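Every chain is named by a letter (A, B, C and D) in the order it is written, and numbering of its residues begins at 1.
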Amino acid sequence: MNPLNPSFAREVEDSFTRQPIMTLVGARLSLVEPGIVEITLPYRADLLQQNGYLHAGIITTIADSASGYAAYTLMPAGSNVLSVEFKLNLLRPAQGETFVARAEVIKAGKTLTVVRADVFGLEANADRVLVATMQGTMMCLPTS
Amino acid sequence: MNPLNPSFAREVEDSFTRQPIMTLVGARLSLVEPGIVEITLPYRADLLQQNGYLHAGIITTIADSASGYAAYTLMPAGSNVLSVEFKLNLLRPAQGETFVARAEVIKAGKTLTVVRADVFGLEANADRVLVATMQGTMMCLPTS
Amino acid sequence: MNPLNPSFAREVEDSFTRQPIMTLVGARLSLVEPGIVEITLPYRADLLQQNGYLHAGIITTIADSASGYAAYTLMPAGSNVLSVEFKLNLLRPAQGETFVARAEVIKAGKTLTVVRADVFGLEANADRVLVATMQGTMMCLPTS
Amino acid sequence: MNPLNPSFAREVEDSFTRQPIMTLVGARLSLVEPGIVEITLPYRADLLQQNGYLHAGIITTIADSASGYAAYTLMPAGSNVLSVEFKLNLLRPAQGETFVARAEVIKAGKTLTVVRADVFGLEANADRVLVATMQGTMMCLPTS
């Protein structure tokens, strides 16, 4: 997939740093390529639900932002990206020292872009485990 | 809808207080009735995304927990509740002094319960505005 | 909700009659109001799945078309309507002499409209039973 | 993925032939492997919607059945499979001489199995084109 905006990576990084929620939960951008974005989130006890697993809303926080930015990498310069909707299936208990949301564009359109995001839990010295998967729709808004 | 567990309200409250994420974001339980739960979240600047609106992942955090607890009110004593999947449509910019997620059970089953949750933004002296709506599936797990 | 197109009902009917699939399955338009459309489908043995219930794809056929037309009633004259995505929860075995999909617009937008559709099974001399519920996104395309 | 039921292929075929809707629309099973099922549907004018494309409900019919049977290949002998819910994104106009729904299990569980299905349109002498993608949840019911 060919980016229309040669500065796509810097624009994603700039936008990410303007998301206060990412600072609150401790997430960081770990990969930005055309059509693909990863966000990494270290385990923290204050992000958990009642059974000691990462809350589905926090899984969604990183999966949705990764999805939006994956779509954004393929949008023209001067666009804004908006989440239209998403659906998340929770597959296994969200455990790990680190969580990674990896989003990939399935179909980029002028107005709507469809993205899939997988969220993995990683333990030290172990394979990554798929804990959730998202399918969503992102919208391109011209900002100027 | 008739609760099978006469202590459903106390069990929801107990479980809610065991969710560290609710403390982190500042959410509180504001209504617990058979098949209906509301969670209220005051505006805070550190919960926002890059355009100054409540992040979709935080909208999801309160909508998913309200949905899970709405299902939980109708489960037998000694159950545990688990989110299977949900789908969220974002309808309007998530603005307000306060946000309320109101979840209602559509169909309670022995294993699976389907729930709808609406998320509203409230300004002082103004009507509440529907900002997002969720349709999801919750699962009952016997804990004993 | 106020229709922008005074001929909305006739345009829905015209479009419906141009859907060959509706003839194949035997569905008919039974209600067209601003933001609300119903499609009725009589039981037929050749629409069933392996357990003798209406196939989820046929439930979807009437729910999706009802959703698209509910959105269409609120679009400007000369528009075309397109399904972007939908999510369906199956709640109970889809039994009945007749099935009705009732779609209502939740949020009408210039480009995207979010719609909910409930599908009911009806037996003679009995209450209608909710068998499935859909939440979906429809898109307005200018045709001229 | 290892099938628990050595007769999984025959059981899928037997169940498929008991679905009258598959005969009505002209669909046939084209691949049955552990965790993977394909259903093929030739173009027919009476399956179309108002713009001349395959109706989303018929896309869903083959995607949902392929998903259910993909899950079924991994279930124990004597099980029954039930669709819990699914979400479909429509990516491109559903055109082609033939349509193929290919479903793959993402996560097989004792009670719930999560499946993804892609639906392709195929023209003679051309590459297949992805027209829709589904993410859904299937349930295992013991029949005996």
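Basically, a residue touches a chain if its C-beta (ideal position, glycine included) is under 8 Å from a C-beta of that chain, and two chains touch if they have at least 3 such contacts.
Keep in mind that this is a model prediction, so the values were computed, not measured.
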(request) Can you spot which option in A-B, B-C or A-D is basically C-D again, with over half of the contact pairs the same by residue number? (result) A-B
(request) Weigh B-D against A-B on C-beta contact pairs and write down the one with more. (result) A-B
(message) I'd like the Å distance between the centres of chain B and chain C, where a centre is the mean of that chain's Cα atoms.
(response) 28
(request) Take the average of all CA coordinates in chain B, do the same for chain D, and state the distance between these two points in whole angstrom. (result) 33
(message) What's the distance between the Cα centroids of chain A and chain B, rounded to whole Å?
(response) 22
(request) Name the residues of chain B that each touch 2 or more other chains. (result) 84-85, 87, 89, 114, 137
(message) Please output the residues of chain D touching chain A within their complex, sorted ascending.
(response) 87, 89, 91-92, 106-107, 114, 116, 130, 133, 135, 137
(request) Sort out for me which residues of chain B touch chain A in the complex. (result) 15-16, 18-21, 23-24, 45-51, 55-58, 60-65, 80, 82-90
(message) Under the definition above, what is the set of chain D residues touching chain B in their complex?
(response) 84-85, 87, 111-112, 114, 137, 139
